[in-house]
Every structure is written in structure tokens, then in C-alpha cells.
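We just call them A, B, C and D in the order they show up, numbering each chain from 1.
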Amino acid sequence: MTDLGTPDRRARALAALAEQTIELPSWAFGNSGTRFKVFGQPGVARDPFEKIEDAAQVHRYTGAAPRVSLHVPWDLVDDFSKLAAHAADLGVAIGAINSNLFQDDDYRLGSLTHPDEAVRDKAIAHHAQCVDVMRATGSTDLKLWLPDGTNYAGQDDLRARQDRLADSLQQVYAMLDPGMRLLLEYKFYEPYFYAMDIPDWGTSLLHCLALGDQATVVLDTGHHAPGTNIEFIVMQLLRVGRLGAFDFNSRYYGDDDLIVGSADPFQLFRIMNEIVAADALLGAGVNFMLDQCHNIEPKIPGQIRSVLNVQEATAKALLVDREALAAAQASGDVLAAHGALTDAFATDVRPLLAELRESKGLDADPYAAYARSGHAERIARERIGGTQASWGA
Amino acid sequence: MTDLGTPDRRARALAALAEQTIELPSWAFGNSGTRFKVFGQPGVARDPFEKIEDAAQVHRYTGAAPRVSLHVPWDLVDDFSKLAAHAADLGVAIGAINSNLFQDDDYRLGSLTHPDEAVRDKAIAHHAQCVDVMRATGSTDLKLWLPDGTNYAGQDDLRARQDRLADSLQQVYAMLDPGMRLLLEYKFYEPYFYAMDIPDWGTSLLHCLALGDQATVVLDTGHHAPGTNIEFIVMQLLRVGRLGAFDFNSRYYGDDDLIVGSADPFQLFRIMNEIVAADALLGAGVNFMLDQCHNIEPKIPGQIRSVLNVQEATAKALLVDREALAAAQASGDVLAAHGALTDAFATDVRPLLAELRESKGLDADPYAAYARSGHAERIARERIGGTQASWGA
Amino acid sequence: MTDLGTPDRRARALAALAEQTIELPSWAFGNSGTRFKVFGQPGVARDPFEKIEDAAQVHRYTGAAPRVSLHVPWDLVDDFSKLAAHAADLGVAIGAINSNLFQDDDYRLGSLTHPDEAVRDKAIAHHAQCVDVMRATGSTDLKLWLPDGTNYAGQDDLRARQDRLADSLQQVYAMLDPGMRLLLEYKFYEPYFYAMDIPDWGTSLLHCLALGDQATVVLDTGHHAPGTNIEFIVMQLLRVGRLGAFDFNSRYYGDDDLIVGSADPFQLFRIMNEIVAADALLGAGVNFMLDQCHNIEPKIPGQIRSVLNVQEATAKALLVDREALAAAQASGDVLAAHGALTDAFATDVRPLLAELRESKGLDADPYAAYARSGHAERIARERIGGTQASWGA
Amino acid sequence: MTDLGTPDRRARALAALAEQTIELPSWAFGNSGTRFKVFGQPGVARDPFEKIEDAAQVHRYTGAAPRVSLHVPWDLVDDFSKLAAHAADLGVAIGAINSNLFQDDDYRLGSLTHPDEAVRDKAIAHHAQCVDVMRATGSTDLKLWLPDGTNYAGQDDLRARQDRLADSLQQVYAMLDPGMRLLLEYKFYEPYFYAMDIPDWGTSLLHCLALGDQATVVLDTGHHAPGTNIEFIVMQLLRVGRLGAFDFNSRYYGDDDLIVGSADPFQLFRIMNEIVAADALLGAGVNFMLDQCHNIEPKIPGQIRSVLNVQEATAKALLVDREALAAAQASGDVLAAHGALTDAFATDVRPLLAELRESKGLDADPYAAYARSGHAERIARERIGGTQASWGA
């Protein structure tokens, strides 16, 4: 641990890490893929109850993933109180409720921005259903990713779409109970290619500011143009008090939805460093969620690995010697300031996290412990018949 | 037409345009979409015969699209001689045969590069089927897009995959009859995100050089990193005699597969300018194919528009005053040389193409003529029942 | 002109084009280059008076470039009223005043964001000098491009830099007279590489909103990440009433500062289409400025060509059949709506602009007229001795 | 060090690390900057002798940087045998000789590709001078980065430029003595923006193949389009036996020339992993060179930090458990294979490198040791007067 692990700093890091939570997406436990192919996997969950069982496995071994985001309609059940109770029995809770604006045949040309008011009304009404699920499950976060956009220049009026969007969002916002939040996500391309209607953080923020205090921005780490400095956006949104949540994942070029930290662990560390620097890790209203697709790797181990990656990046950020950093920055010592960050990054924090887990009664290595547990083999054996969950269901 | 339309140049342009052909992809007439949603459309073809009927409509109105690429297995029929005859009856021919290496459950970790020899053998054997289709339809081009790659660093050995690929390609190449060509396509990302096994023209060319003279490179205009100068690659592949074909389409960021020329018509013109400058428009072994997805727009009009866009870019390239261009280049007059290109690009070539069409007995405006024909309404009315074609079938 | 040139639409287009103005940057008439080399050119201006003479040549032949932006300190003169009078004598006026925050040795680690208050004070005070120049020349636009940023993660505190920036900008803003504007430019990379302090329109807008109504955003067309839809940003900034100005130029990958419209004329057209659609071409407070570097081509012809390119894009945007466009958009006819734009783009507007110029008593072809004028040869002959202007002076 | 440091693996790693060498660029010890500003620094070297003294400091503390690349004409001296002896006295040797094709006034439109044969001849002849320097200094590597390109479409004939380039390179190649190598670098943009004449590895390789066995490719890690998988290119060039050298540096977006490993240490590790996997670290003809600009940080510490970063990435690559990796790859265990890499990357190798240094009689922390040495203060004090070295001299 070199010299970063002064007893105080280690102790504070351990304390913060003990409280840190990461929210899992139910859809990570279903099948996913590209437009070319969705590969099935043995043992994949077939319904929301099984997805929650799988998510609970991740929490069981990591101790850091106590909530599961749901997606409507993929996770619709007859009785949400039963689903919430099922989750509670397994030691997890329902997290954010995600609406779906991309799978209805009516949404070919948009949902909340569609030229036709009837289609917009349908998309708005869908959120009433989501808010009902929130009330039934105790969820407080309504997450809205707007997949709307256009493929061809001129296809629709860019400004009219913004005006329609503002109006639609206002109606959705009005549905919220006090204490509920609207989390508004941006994405710079896909599934439309010429112009997405919320392509960047600036657009998302403008809409949130117009809506009110219950509206905040979701930053999906895979939704930016190449060369974008993501931690700068984290800082800026924290500065204006509107960073509501992360959708964590990794990307090389597209919205690849790979395991967070797998493509550029130093970037993830820099992001967590902004969080820690702004004291926004705990109690600041930032929901740290995963949004990933395990197209070719097994789902539960993929999620475990993701949680570990976020924990490791966080631990490194917590170990930064902030006094040394600030002093180097103040004196204009470029290399020393940079070095204060990279020293923390170079530190192997796996022993520290092993210690944390053991102090909680967990196995030091959640990935290996799950592998040894036989759970994967059991679900592959038992979950026969039915239809594996995927984006379609 | 300003001053570019000197009688001689116009006459030569008209003569070349009269001979130019563009090959249509059968799959453009089926449904397509993103990983988020495939939107169906009324009247979409339900089988290869109907796809060819639709493609023949494009040729009927443009007079420039006399061939249709097929995809195996999407276009499998019991009797390919019957399908070829059907095409001939409608005035079109079967073009390139495309293999499919991305939809088999065994291909999760690769096809021609898979670690398991049994999977590679299966993928190789699939091309024997494709060559049989070529013999049955008279096709001479076997187009192979390798979708193989990896999502995570370390997932597989990058070099071992190249070696396996070289071996697999050698076996496929050995299946070709004299006069047949292997067209090898590259793509820099998707459906795998960490490393594609043929990510760039350099890799494709190396494999082609190793295979022999019957192997050439396919340049898909949507398969490059941002900032890549595509016409440079066109020039380079022509220079080494290995540009076998284009897959034309447009993109803004990803592999968007939009209508060619819709996103950056000046780029398309620059590409066609390299073709014309190298005298490779006719008789040079370059197959000008479309590879597009009309996710939200109607298929047949989308293809007609695409053909018109290629024709317009070609017409502009043919109108470049090459003597003035060469003189300006030789004298180092940067703006005059650039202006020689942009003068041609600024020219409205629609009247010239209208004249060409009328001289062939076609309507001056193929798009409008098709719209007036009632064909779209007829197929929407008649093609009831069955399953619309898509990438799945 | 096909069918877009209905008499009414042509007449309205001509009327608008007759009023359109484009502002020229004084530095375009000095030498420029890359970090690798600045190539000199014969006849280049040696002082601000000669730069204005050259700019006046552009206006003389195009009739559309009646203002010149100055840069402080590059364009410092002893008596600005004399420079303004010189400009007036030549038929042009002084436009925006650009401050310089990148060439002082003290600015290695920033200017308005520098950790050291003394450096920030110096950078702030520089703007008082700029405002004095504004008063002396009648300029109303203070343009501030912030070159500040960091090269290494951790080098400085990203958030502290924003807070310092807000404070510095407030002090600059307080210097403005009523009727003056602060134009705040963003840039996503260069001259610093890890994090620019105003990297995107969102950050620029946040600062403008904090400052007040006299602060607006400058959109430089070369300052975005790949894949960014620039016309979307134009629309969004117009929607919130904060688009103050353009810095027009072209780029392929970096901030290339090439001739506007030379790399992607369709993009320039789409941008102007948003301007026309929002009725922001005239009287809406948008200053259409060039910001270019003619590294290898002659300066005055380069600027003339740039003005023509903007005029051509504008003319095409004015010729869009907006009724047809709106109808197609309302009915969801993707291809017809797209076609309404591309029909205008495909139109050869050079005859229309020739007509406009002749109606103003100008030569139909400003580029050729300037070439014939002998001015280039005259300045190459006469401007002997002294030091050619460049970014350094 | 967790469990990767099995005694055998650690021992082999230490042995390899003890032999690893990194070549330093003389220009890293002069001033550099962007087109906007070159900031001077106290104590910067004023001539090639001082640059070599500074480079020798880097070697003195790291023990891993025994060679210095020279640049002609920046490092021209009257007597190169004297310079070589000076280097030898300080414990270092002269490495690659870099030609300069971008700073002559004649090269505005190109050097080896220029339309004018006289200019090409001049550029070719410059390499005879470089070869003379090689003979005088014992250098065996002639490094040629071609800065040629065009800014505007049509400016010159892309293919003619390739043909001229092939001819020019053939003449340069003919100058080489047996045992000398031509290292040919590619770069995808800058200092020209429309088309670079050697934009990618494919083009560089084609020219090398045409030249002969003494020609190999230089891979500069900052010279690729976004999303390019650099380690794939490393693998491919090794596979065809043509990877001659690296120019190591870091970039976020442009050719930033930052400290190697500072922007994406995981990428640097992946690159070194391909090197180690191919057994190309030692004795394989790959010259590991730095090519960096320390625009705002001190030069010698910047170079020390760079050497340490390459060593750390190499150490991690050497610690990869290749048996476990190969087994996981063979069995298709995506996460285990990925984990075999990331386990090595997560390891803190600083203790191992400290051990290596101490075994060589070096300080465990070269960066701190140099800082304590007082050298920086001494050169700042003593190097008064004269002109600091930069790209201009």
C-alpha cells in the first residue's frame, strides 16, 4: 500500500467504503446483444423474481449492491408489493424505475417529442404507470432515458421537438410525489443517428432547470463523443447541484455497455476522484447505478466484477493524499499534483477491500466465492423451460 | 450548369452514367433496426422472391440498379435457379453472395477466428454453401464480412486469432472457381467492442495479399474511425489493385447504415472523384453496392433515393474539369485546385440526369414516378399474412 | 434552379442576402500555421492598417463583409480613432474586439482560472484595455475565448478553476458599458489537452446565465468533439436566446481553421438552415464571424472564398420550401422532409448570387474579379521590409 | 504483489526489466508548445551538448535510458564525433537520427511528395546529411516522419503524391549502409488536415514492403483516430515482422505528446502486453523511444516520469500469468481471461522496480532522487544567456 495508507486515511477510506452502495439493473440479468445477435446463456432469469434473486447474489457476495433498478414494462408483474417483499426477503430493495420509450410501434418517429400529440400523450401516460410502480415498491427515482431523435437532416424540426419535449416532461414531472425525483439521461447517438433530442448534458440540464428541483441529470459513462472529459461534466453537474445518478459502464467507441472500469480504469478513478473531492460519495443524492449488458460473459459474475471495479476505483480515490494534492496544485507543481493522483491509482487496493469484506463477514474475494458457491450451475440446471428474460420481455 | 458542361465533357459524362450500375442488397427490402427496436412497415417483402420484386422496382425507375446481392441464410430458397430466373424475368440479376458469420449460437466468441477448431470448421463450411449458391445463380462475388472480435482485453489472443483467420480464409479461398472473387470487408467496431479481427483496410489487404489475386477488399463507407479520410483509402486500394467493392451508406457516428450521401454528400463526391480520376468507374472490377438499413423510412423509395445520390455524386465527379485541376495542382495554386473540385460539386446535375433518364425512356424523376405508380399501396394491400423479412429471416 | 426558385421565394432570398453581413478577422490577413511551421507569404500585411486594407478588399468585391474583428494586442495601435477612421475611409468598420489570454508568460497554468490571484488580476485587467479599444472604435462586442485548461489529471482542481473563472468573468462583465456584449467562446481541446476550462456550450452557457443578459455564447464550428451535431447546438442556443456569434471555419479532425464550407458544405447549410428557420439571419443579435487561418493559401482570396461559401449556404437555406418541409414533417414523411432540405442544397445558387452582386454594382464573381485586379501583385511588390503580421504581432 | 509474484515470474520479470532500454528524444529537453504559445522554462538546454547532459541525468537516475535520439537540423553540431564522445563520457549513446521535413520554406506544399521535383530532391538530399550524421555517431536508425499532406480536397492528386513518395523513399533507402534501418512513421492528421500522405499503418507498411527488409514501421501512440485499437496494430506489425520502433507519448484527443502513460495507463499496459506476449521486448529489433513535449512541466523530471511509466507498464505485462491466461482463453472463459490481464495491471509494481533499481545501485525512487540532487537548480542558475533550445533550433 506504499505510503498512502496512513492509518487515518485508511480508516476513513474503510468507513466510506463500508457505506458505499451500487445499484444493479435488473436487465443485466437478462440476455442482451447487438442488432446482429443476442446470444442466450444457460440459467438466465426468466422473470423479475428470478432477476432479483440473481441481483441478490451479487449483494450477498459483495455486500455493496443492495438495490435493483427495474424497467417497465420488462419487469411488470401483477403484484409489485409481492416483488418488493421478495426483494426484501433476499436482502435487497427496489431502486430506480426506468421507463421505456423505445419499443412501442408508435414510437418510430419519437415518443415525448413525436409530432403527433396522441403519441406523446401515450408516452406521457406510460410514466403514470411507472409512478404507480414507484409507489408500490417504495422507489423514489424515476429514470427517463429519451431515445428520441431523427436519422435524416430535415426529418423533423429540431426546435419544435425541444418544445414538445419540454411540454411532455412538464406533464411527467407533475406526476411526481414529493420526495420523488426525475432522473433525466442524455445520450449523444443511438438509436437515432442524425440528432438525438437530448444529446448532451447541457440539454438535459436545461430541461431539469426548467422543471424544478426534483429533476436531476443522469450521466451514463458511455454516452459521450470521443475525447469528452467525463469527470469535468461530473464536476460541473455537482457544482450546480444537479447530478442525480450515474449509469456506469465501459465503452471503447460506441455505447458498448461493457463492464465498468474494464476499458479505462484510470478514467473511472478520475470520475470517482471528483465525487470524493466534492464529498458526494454518501448522502449527496447521487445514485451510483450500473447500466451494462453482458452480451458474451455470464451475468452474475459480470455484475460482481463491475461492483468490485467501482469499489476499487473508489478506494483509490479515497486514498488520494488531498493535502499533498492541494499543496502541489496551489504551488503550480504540475508533476507533483498529477503524481498525487497517480500514486493513489497505482496503489493495489485489493488487500484493503479484502479487509473491508472480512470485517463485514464476507469472503475476501466475492468473485471466487460466487464461483465456488455452485449457484451458476444450479440455475443452469433448474431454470429449464420458459423464456429467458431479455430486452424484449 | 455554369461552364462545366462543355459539350464534350457533358457527352462523356452522359456516356459513362449510362453504363454505371449500382448493386442493391436484398436485406434493404426487409425490416431492420437497432438493438432497441425493429419497426415493421406495411408491405415489406416476406421472402426472397418478393425482395427481388422490390429491387426490380428500383431498377425499373432508375435504370441503374440491375443486380441484387443475396444473403445466406436470409435468402435461402429451395431452388436458386428458380430465383435467378425470377430475377431475370424482372430484368435484374443476382449479384454478390454474402455469408453470415454472426447469427449462429456457436459464434459467440468468433467464427473463422474462434478458439475451437470445430466452430471454425462450421464457419468455413458455411461458405461452401455460399459458393453453391453462386454457381446456381451465376454470381461471381463471395462477400465476407467478418463480425468476429472480442469485448475485453485479454479475452483472447489477438495474434492467434489472426493466424486462425488466415488459415480459415485460405480454406474458403480454395473453394472458389476460377473467375470467382472473395471480397473481404473490414469494420473498425461492432458487434464486438474491444478489438475487431479485421478492423481496418490494412488488415483486410494483408489477408488478401496472402490469399491471392482473387481476393480483394470491400470498403464499407460506414466502417471507419472518425476523421478517417475514406477517399484516401479508395485511392490506395486502387493503387495496389485491390479495391473489389464498395458497401455504400452514410453515417454520422456509428455504423448507421443510412442512405448513402445523406450525411455528407461532399464526401461521397470526393470518393467518386477518386474513382473517376483512376478511371475505375467502369470495367475496373469495382462493384458499387449499397449496404443500408431503412429503419424508419420506406424501403423502395429509400433505395431509389440512394441510387440517385450515387448517380449525382458520379455525375459531378465526371464533370470535374480535369485539365484545369491538373494545371492548378501542378502550379501549386491551392485555391484554384480546390475550386476545380468544388465547382463541379456546386453544379446542379439533376437536369443532366433527367436528360439521361429520358434518353433511356425512363421518367426524369424516378422517386416521383415510383410514388405515383401505386406500387407501395399495392404491396401494402396485398402482402398480408406471413412474416416480413428481416435480419432474422 | 429547378422549382425552388418561385418568384416570391427568390425575391425574399435576394432581399435577405442583400442585407447579410459577415465579419472578417484581422488575423486572417497575417501569417499563421501549426506548431510545426508558419509559412510566410508575399505581400502579407505588416500592421493593423494594412490588415484593414486587405479586409476592405474582401468587402469591396463581395459587398458582404463590412466589419473587421480586431485582436488585442496583435492589433494595438497608438491611436484607435485613427484606425477606425482608416477603416471607415475604406468602407468598413471595426467589429468585435478579441482579448488574448494565451501569450503571456504568466499564463502557463491559466489566465482567468490561474491558481494565483495576481495572474488572474492581470488577465482581468487586460479586458479593461479591450473595453477601452471598444470605446475608441465603436465596437460593441467583447469576444473572450478562454484558452485555459490543464494537461494532466490532478494538475489543478477542476472545480476551483470554475469558481475562479466565474469570479473573473464577473469582474470583466462589470466593465461593460450598456449596449456592449460579452461573447464567451468554448472549445473542447487545445491548447490544453486533459481538460479545457470551457470545453462545451453547456459550460459557456452556465457562465453566461450567471453573468446576465449582456453575455452570450460564441459557437466556433471547429470546437467540438467528433460526431457532435452542431446545428442542434445552434438551435438550442437560439431557443434560450444566447447565441451571440459564430466563429466560422472548417475542420476535418482538429481545430483546423480551414475555409468555412470547404470540408463539409452540407453541414454549413444545415447550420444556416437553423438560422433561417429561427429567423435569426438579420436583426437577431447573431454576429456571423469568420475565424480562420490561411496557412498555405493566399489570405485575401481565402477570405473571399469563405464569404462566398457562407453566402451560398445561406442562399440555399433561404430557398428551402418551408411549407413543403413543414407539411412533410407534420405527416411523418421522412424522405420528403429530408428531400425538402436536400433539394435546396442541390440547387446551384451561384447564378442567384451573381444576380445579387450585379444588382449591387459588383462583379458577379468576386474571386475572379479580385484576381484580375492586380492587388495581390501590388502588395507583394510594395510591402517590402518590416515584419509580416502573425499571431506573434 | 498478491499472488502474481511467484518467485519464478518475479525473477524473470526482474531479469527482463534489467535489460529493458528506452530511448530519449533530444527535443524533449528543449522548449515546446502549441501554435498558441511556447512557454520557456528556467535552465533549459541551449545546445545539443546540454541536451545530452540532461538526457544523461535521466539515465543516471533510472538506469534505463542509455540512448538519445537526435534531430537534424535541430541538433546539428560542427563535429559529431565530439558529440558522440560527449555522450559516451556521460554514459549514453546516440540513438536514432530524425530528419526534418517540415520547417523549410520550400515545404509549404510537401517535401518528399511535393509536385515540384526540385523540392523533392532537396528533401531527399537532406537525408544524405542525416546518414552522414549516423555514420559519425554510430547511429543505425534513420527515422522519417513525413509531415506532408494537403488541407483542401483537390489541392493535389492523392495518388500522384503516393507515387512521388514511393520514388523519393526509394532514393533515401538507397543511401542506407547495410545494418542501417529506415523507420517510417505514420500520422493521421496534423500538420495538414485534409489528407496526410502517410496517415495510417497500412500506408506506412505498403511503402516499407516496397522498399525492402531494412524498412520498418514506427508506431507513435498519439497518431491514430479515436477508437483505434493500438495494441492490435502492434500485434499486426509484429506478426509481419515490421515493427521497428515506438514513439511513446500520451494523448487525449490530438497529438498531445504528453507523458506516456499519463492519460490511459491501461492502454500502455495492453501495448506492452502484446510486446511481451510476442517476446519482442528484447532483441527483436523494436526500439522503444519517447516522443514527447513537456510544454508546461519541467523537462528532466517529465522524462524520468515517462521512463518510470514505461517500466511500470512493462513490469505488469511481465507479471501476467500467461499459463492461466492461455487456459482461460482456450476454454472461452471471457472473464477469467480478462481477469488474468487485469490482475497483473492492478498489481503495484513499484516495490518490484525499487528492488530492481537498488540491485543496480540506483535510488529506489529516481524522481525523488533527481529532485533532491540540486541539478535542476544548478542548471537554472548556470544556463544564463544564449538561446534555449526549441523546435526552431
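A few points about this structure:
Here is the rule we use: a residue touches a chain if its C-beta (ideal position, glycine included) is under 8 Å from a C-beta of that chain, and two chains touch if they have at least 3 such contacts.
Just so we're on the same page, UniProt names per chain: A, B, C, D = L-rhamnose isomerase/sugar isomerase.
Remember, it's a predicted structure, so these values are computed and weren't measured experimentally.
Counting only chains that touch, the fewest steps needed to get from chain B to chain C is 1. Of the two chain pairs examined here, C-D and A-C, the one linked by more C-beta pairs in contact is A-C. Mean C-alpha position of chain A lies 40 Å from that of chain C.
Annotation for chain C: residues touching 2 or more other chains are 109, 151-153, 188-189, 194, 225-227, 229, 252-253, 262-263, 266, 296-297, 334-335, 338-339, 342.
Of all residues in chain C, those touching chain B in their complex are 1-2, 226-227, 229, 252-253, 262-267, 296-298, 301-302, 305, 312, 334-335, 338-339, 342, 345-348, 350-351, 367. Of all the residues in chain B, the ones that touch chain D in their complex are 109, 115-116, 151-160, 162-163, 188-189, 194-196, 199-203, 205-206, 224-229, 231-232, 235-236, 238-240, 266, 270, 273-274, 277-278, 325-326, 329-330, 332, 334-335, 337-342. Note for the complex: chain A touches chain B at residues 32-37, 39-40, 102-103, 105, 107-109, 147, 151-153, 188-191, 193-194, 225-226, 251-254, 256, 258-259, 262-263, 295-297, 391.
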